[in-house]
Amino acid sequence: MISPIVLEVCVVCLGIFLLMAESFSVKSNKVVLAHGAIFGLLSVFVMSFFIEANPAQMQSSGFYVVDGLSLFFKRFALLSTIITLILAVDYLPIVQRLVPSAKPGAGTGEFFVLPVFTCAGLMWMASAADFIVIFCALELVTISLYVQVAYMRRSLASLEAGTKFLILGALSTGFFVYGITWIFGMTGQTGLAEIQRNLTINTEANQMAILFGLGMVLVALGFKIAAAPFQFWVPDVYQGAPTPITAYLAVASKAAGFLILIRVLEPFFTVVAFQPKLILVLALLSGLTLIYGNLAAIPQTNFKRLLGYSSIAHAGYLLAGLAAIGDAFAGRAVVFYLCGYFLMTFLAFLVLIPVTKATGGDDIAHFNGLGRRSPTLALAMLIAAASLAGVPFTVGFFGKFFIFESIINQHFYGLALIGIVTVASGFYYYFKVIRAMYWMPPAEDAAPVTISRLSKSAMLICAILIVVLGCYPQLLMRILP
Amino acid sequence: MQLVLFWIFSLLMLLSAMGVVFFRNPVSSAMSLVLSFIALAAVFVTLDAFFIAVVQVLVYAGAVMVLFLFIIMLLDLREEKRRRVRLSAWLGGGLVVGGFISALLKVVLSLPALFVEKPALSHPLANDIEQVGYNLFRNFNLPFQVIGVLLLVATVGVVLLSKKELK
Amino acid sequence: MSTQIAPWIILFTPLAAAALILLLGRFSKSLSAALALAAAFTGCALSWWLFKQPDAAQQLSFNWLSFGPDFTVSISCTIDKLSKVMLLVVTSISALVFTYSLGYMRDEEGYSRFFGGLSLFLFSMLGIVLASNFVMMFMFWELVGVSSYILIGHYYSKDSAADAGKQAFIVNRIGDFGFMLGILLFWFATGTVVFQEIVDQVPNLTIAPIFLTVACVLVFMGTVGKSAQMPLHVWLPNSMEGPTPVSSLLHAATMVAAGVYMLARIFPILEVVPDAREIIAWVGGITCFAAALMATQQSDIKRILAYSTISQLGYMVLGIAVAPTSDVAMFHLFTHACFKCLLFLSAGSVMIAMHHEVEMWHMGGLRKKLPFTMLCFFLGMLALSGCPFTSGYYSKDLIIEWAVVKIPFLGWMVAGAAGLTAFYIFREFFVIFFGKARSDHAEHAKEQPAVMIVPMLVLGVFAISSGWPSIQKNFFTLEYPEHVPHSLHTFLYAMFFGGVGLAALLYFKAAKDPISIPLFANRLYIDDVYFWFVNKIQGGGAAVLSWADRWIVDMLVVQVPSKLTWAGGFALRFLQFGNIQAYAFMFGAGVVGLLYILLSK
Amino acid sequence: MPTLAHYLIVSGLLFALGMAGVLLRRNLLIIFMGLELMLNAANLSLVAFSRFNLGPDGMPNYNAQVFVFFIITVAAAEVAVGLAIIVALYRAKQTTHVEDLNTLKF
Amino acid sequence: MSSLSPLLFLILVPIFSALLILIGANPRSTSILGSAVNLLFLLALVVFYRPMEVGYQFVSSFPVVPHLGISFTLGADGLSLVMLFLSTVVTLAAVCVAKSPDNNPRWYYASLLLISSGVIGAFASVDVFFFYMFHELALIPTFLLIGIWGSGDRQAAAWKATVYLATGSFILLLGIIGLYLIQPVETRSFDLREMIVNAQSGLIPDAPGVYLLLLLGFGILVSLFPFHTWAPQAYACAPAPASMLHAGVLKKFGLYGLIRIVAPILPDSVQRFVPLLLVLLIGNILYVGYVTIAQRKLDWMLGYSSVMHMGYIFLGFAALNQLSMTGASLMLLSHGLTIAVLFALCGEIRERTGTLDFSELGGIARICPKLGLSFGFAAMASVGLPGFVGFAGELLVFFGAFGSGEPKIGIIDGKEVFGLNLYQIATTCAVWGIVISAIYMLRAYRRIFMGPLPERWSRLPDLSGFSRAAIILVIAVMLVLGFFPQILVNLATPALLVP
């Protein structure tokens, strides 16, 4: 058996190795770095199956936990990084154009390396069982993402997105730290397990202070997962960031946020006094997020931005699932939803990049006539949009179904009612893409759409998984922690 | 005596922090920020956290502030021009800040335990450098390494973002 | 051949013929005609045979829809005196009219379609006759409606024919609405739809007289529609747009009489509901008189006959309402079938000779050109007008007698209608056959071939003789009222001769109508009121509803919610106006809000 | 003697001032300074908590101080990256005003 | 239990045909062949069906989400067979009538087949969850069919129908979840059989909220007044085969669900809201009926007429007795067949003349007698003429509904009373509907096929080829079943669990 921490060490080593390879290589084509990274991460992914989940055994004096959930999220992070790298390879021409470089290809190698470090951060987050580790890993992820969002320095949009992300991210970090401070102050601990132990012996006055701290921690995590009203950065940053990074933000970063949310809330849910309040807050956040994400998406015309709103909307559903955590299956429902979200969002981005390259833009109008220009891509997008909207026989439908089953079981009828409006809006805006692809005639000067083999196979896997899991979700449910 | 020191440094810190917020010239803001950092270091000392106080001065007042000033000079920032005063922004900002402070006060004032006098340390000359170092390298080994990677990434990022032309 | 099988053969041969014509008709015209004729003659022969047989105790039946005891609709044949007589009438007249049609339709388009329609009609009509329960009757009731629709609209390229067919169907449907409700009420009260079983339960029903009255009146609505009683009579004159054999068979002899037949079928129930009978009597009496009035001012040879039919149907309905047995009305139905059919066939013969001219003022002097036709018309006319010792004399006077006895006012009114009858029919006769030829066609008219004349002559014989007591006693068991005022007979004679005389005086050689009564000529303006109602009230109302559906219902249910959602989205978008500080502010506001929720008790 | 409440309130005020800086100032650099103030406020609270809640051995809870150490490090890294982004932005757009950053909206 | 259900074959054939078409097989012949195979296979199943046995046959079950009791359970009883028959017949007719469009014929046929597979799946599912899922399979194909190959204001129609139906479906999903959750925890299941067992053993409480959700959801899908406005527009704008499948089969899903699922499980809640439902369905019959009269175009008129006819079926459901629900089942079939033929013919007319406006058409029967004859048959079937299966359905609905409820007629407490209860008032209104439907149907026939033939239409081709065969097939089915409705009754009635 391998020691679990080896996984992160391998990833970090891979990153460092790649960095060195980048600086010593003379070739201008850095794609080989990406391939190396993908291969390396895949190996780590395979390696992860040789690790035994053992919740009882705390590694490294209580900072590092290896339970099923963390292993699952490690794999989640690895896979999303791999797909981000695939996207990045596709996106390379655009990055090259928008990075100021003295010679062709300069400054693009790091574009493939930074996600590897982010991945390491995500994996640490997955195992973090102590606020300090959470904080450090979270910052590793966040700071590396600042760089990646602002990466295309010749694009004002990218810089603007980077700045917005930076300021608001730092603001949320401030709250996060301050919140942790208070929790620490009241419990004297930073480890989640110890906090849980201390919580039970707290006075009522202390509880208020703990809630004060916890509230601020929630705010910071709300920022990560794009919950309203902490979501304002999302559409702008998603639109401005390099597309692969947008995908990475949308999937990996959000999933990590949810994981941390689950982990952090777990000890507090055990306290009877906290439970109703926390659930109320989660439900409120969920309602706001659902309404904001879905309604504001309706008038969108830019597809990337639309995906930004969509990611807010999905955060709303996920939060609703968390609010219903009292239901025995709500936790699994949330994780299942995240996996579905992973597949469909990445599939959408996988289609978006070739379309952007061929048409020069990422508006919905740029998808016009895709059904005739490239039936395969259009089909993939159709599947992605259908799944995002929650059409049956896609994984998105089951995700929504599980969530709503849980929330109705927990009697959150208000959320269910909001769900009616939001699901309807969802159909509207996701189907706008389908309309563009199939109803609209293609633009006359559109260049032919080409797809690399790597992204084609990624697309295929995503699409097939969406449909297969949409028919037989148990396949995934069974391996969920 | 401690109380006096506390008040002096705290007020100094808060006032200079207000300076950061209200000075219109960025350089003045930066200078008051330095002052605020140093005052905070002094407050740390009143809390027997000598190591942290030193780090505070070194890292913040030393490195971070130099960075800030450098950038201010580099960008040649002038005084903020008087743009239209956004009353609504000030009002809204004030409300939010006020709301936050009132929430904080509510919490603090409801906790009688917070008004207990400072207990004496069992070992008045506690070696906090040793303690912090011990913890850092033994217990907190994992976050420490994470921070290392973080710094590496930050370095790479800064190079990538600030070099005029990448080679 | 048993008496159980025969009715089934009678019933289904025409359906088979219709189906075969549908499938094969386009290959051969004569095949279609042959099939239809074969069906009609088979039916006719079997009906006569069946009439001679004693009633079978048990009839074959098969369950068309069955839910056990609650609700079962079976297709089964009732063979009793009533249905046997009606079978005779229907099949015999059909056989004659079918034959006549061979000649009448020889040059017409849609020959096969015509015979197909006739066969379908025969099937449906026989179904009504044989029906043993309300639902079966209702089914065939609807089917005669549709075959009538097909046949009236035979010349569908003509707007008037197309409209007439549609009108006939819809007006009949209005009657069926009531009929259906009546059936439902009967079923609700008795749990069955079978006539005999309902009749068996009549004693139980009489404890709720209002209910029974309502049910009977509703069922009577079916008659009102089918037998063209006021106020649903308007379709019948318009139905004259169909080919004349159709008018003759459906709209004079058989189909329109189905309503009366149906009343006769449920006569045992009606017997115990005096209120309903009173209503029926008034409807019949008023129809009888008003239609006769309208007939006096028409100039279309078929329309006069149509109004006459309505009027005569009024007699029959009245007969059901006032006479102690249904046979009184059935007797008139029987004689009327003969003479009215004859009149129509004669009119058809005139029309053929006149190249489909129906305006009688364009005719004149046809007595020399069309002697046989004139003779037939004359015979039918005598019977219709109640000339002594013709069939109509016996049957009509009996009804009038009963009416005078039961409801004197109505009785005297319909006795007056008898005079009107003599007047309008002789008016028509004189204008067509006497005077000078008033158009080219009239001058060059030619007599019809034997295939048309022979059936007419046969009917002529019946028209005169069928009322003779020696003949009718084979078919009916009549009851005669006692205490009939003596003046009545005198009055009736006076009416007959008065009518004839007045007609002769005014019209014997008239070249144009010497009198003009717009109220009658315009059918008491009833059609105009309906037209106005349908176009303005119903059409306008529907248009308003349609508008409301688009602009109110759709707005409320679809547009407003969707637009609101859209507007909500549009408004929320403006929170996203790009400024970091605004974002930070909302972030901060969110923090404060969240803290307050968490910290509040 | 100042009590824990003193420190916490001072730290809270510092945090609020930092927040005010973020909310009210329009220069990105100064906003960033505000963010640093917020982190400092957290540090102050942490140290105060660590000093007042003595452990069983009667010594401060040094974990908190380690945490402060981490926060300072992270803050430094964040400042470095943040300033690099601001410099890049300035190079591209000649501004550090938040109001000029409004191409991405709605 | 574990052996594979032959019904799976029925579901998969259209899907595989669609895939083959997308891959490159000849779209038209593949889809016709696939649908024909499906129809024959279904007829074979009907032959092997044992009508004497109670419960589902050809059952196979495969757990999909064990912790929620969801399993992919296929099975058929008489009623499902009837609906499956409807689906396969209409599918065959639809693909026969379909004319290959110029753009993207592959997707066109594939979409049709996907809808078909969805409805077949829905009717073959015993599991309520899959029943729902399969229905939703039609959502995207419908969106594409109307949006790409529609006519008129197709975009607006496609949007409206899709988003509105999706909303309705979601409400329905919430209702179904509610239905699942009101069962006692230990016996919760989505399996219809188990749900009914629960209901029969009194374990399911009266749940008005759940019922209202289900009614609203199903109601939107079935175009219950006032949620009907999507339907006429969508049907008017959709290409003929899509309208056929949608109006003919897909829309029956909702009523089938009400009769099949809601009636036996929540009878008390149904009873509780009967007045509301009666008012709404009278809205369907009378209000929509008069709106239909005002239509000036055939496609809109047919759309509204199909909405109107839903009212009768709702009446059959609301009365909740064996007669009426059997009547409703019969009407599901009859209306499906009828409206399919009507839309097919409507498409044929549109294809020939390019217009469906009554004021521009006329006298077409002279030039296209077969078209006229078929339309005549269909119109007569639509107005509920005896001889067509619709008559039996209407009759049963009327009788069933009229006999429902507390009697208010006769001698009650020694006093003579003559009053109608709610059901009877509703039935009276519904019977008036037969007049309304005659008015609009005959008017349409009159305007299009009768009257003088305008010069511009003097050279229209008559019905021919596959279209003719398909239409004849459907009409023949209507006639045969109209003459022998007892076949259907014997199949459907045992499946109806009357509370």
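All chains are identified by letter, namely A, B, C, D and E, in their written order; residue positions are counted from 1 within each chain.
Keep in mind that, in the parts below, a residue touches a chain if its C-beta (ideal position, glycine included) is under 8 Å from a C-beta of that chain, and two chains touch if they have at least 3 such contacts.
Because the structure is a prediction, the values reported are computed rather than measured.
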* Asked: Chains shared as neighbours by subunit A and subunit B?
  -> C, D
* Structure fact -> When each step joins two chains that touch, the fewest steps from subunit A to subunit C total 1
* To do: Would you identify the chain whose Cα-based centre sits farthest away from the centre of subunit C?
  => B
* **Between subunit D and subunit B, distance of the C-alpha-averaged centres to the nearest whole Å** => 5
* Please work out the Cα centroid separation of subunit D and subunit E, and write it as a whole number of Å. => 65
* Structure fact -> Taking each chain's centre as the mean of its CA atoms, subunit B sits from subunit E at a distance in Å of 70
* Structure fact -> Whole-Å distance, C-alpha centre of subunit A to that of subunit E, is 43
* **Where subunit B touches two or more other chains at once, by residue number** => 89, 92-93, 96-97, 100, 103-104, 106-107, 111, 113, 139-140, 143, 147, 150, 154, 157, 161, 164
* Asked: Touching two or more other chains, which residues of subunit D qualify?
  -> 8, 15, 18-19, 22-24, 26, 31-32, 48, 63, 66, 70, 74, 77-78, 81, 85-86, 88, 91, 98-99, 101, 103-105
* To do: Hunt down the residues of subunit C that sit against at least two other chains at once, touch-wise.
  => 573, 576, 578, 580-581, 584-585, 588-589, 591, 595, 599
* Structure fact -> Each pair of chains that touches is included here, namely A-B, A-C, A-D, A-E, B-C, B-D, C-D, C-E
* Would you tell me which residues of subunit B are touching subunit A in their complex? => 103-104, 106-107, 110-113, 139-143, 146-147, 149-150, 152-154, 156-157, 160-161, 164-167
* To do: Can you check the complex and tell me which residues of subunit C touch subunit A?
  => 565-566, 568-570, 572-573, 575-576, 578, 580, 582-584, 586-587, 589-591, 593-595, 597-599
* Asked: Can you list the residues on subunit A that touch subunit C in the complex?
  -> 163-164, 167-168, 171-172, 175, 208, 211-212, 214-216, 218-219, 222-223, 228-230, 232-233, 235-236, 277, 280-281, 284-285, 291-292, 294-299, 421, 424-425
* Which part of subunit D faces subunit C closely enough to touch in the complex? -> 19, 22-24, 26, 31, 98-99, 101-106
* What residues of subunit E sit close enough to touch subunit A in their complex? -> 63-68, 103-104, 107, 132-134, 136-137, 139-140, 143-144, 147-148, 155, 158-159, 162-163, 166-167, 170-171, 173-174, 177-178, 180-181
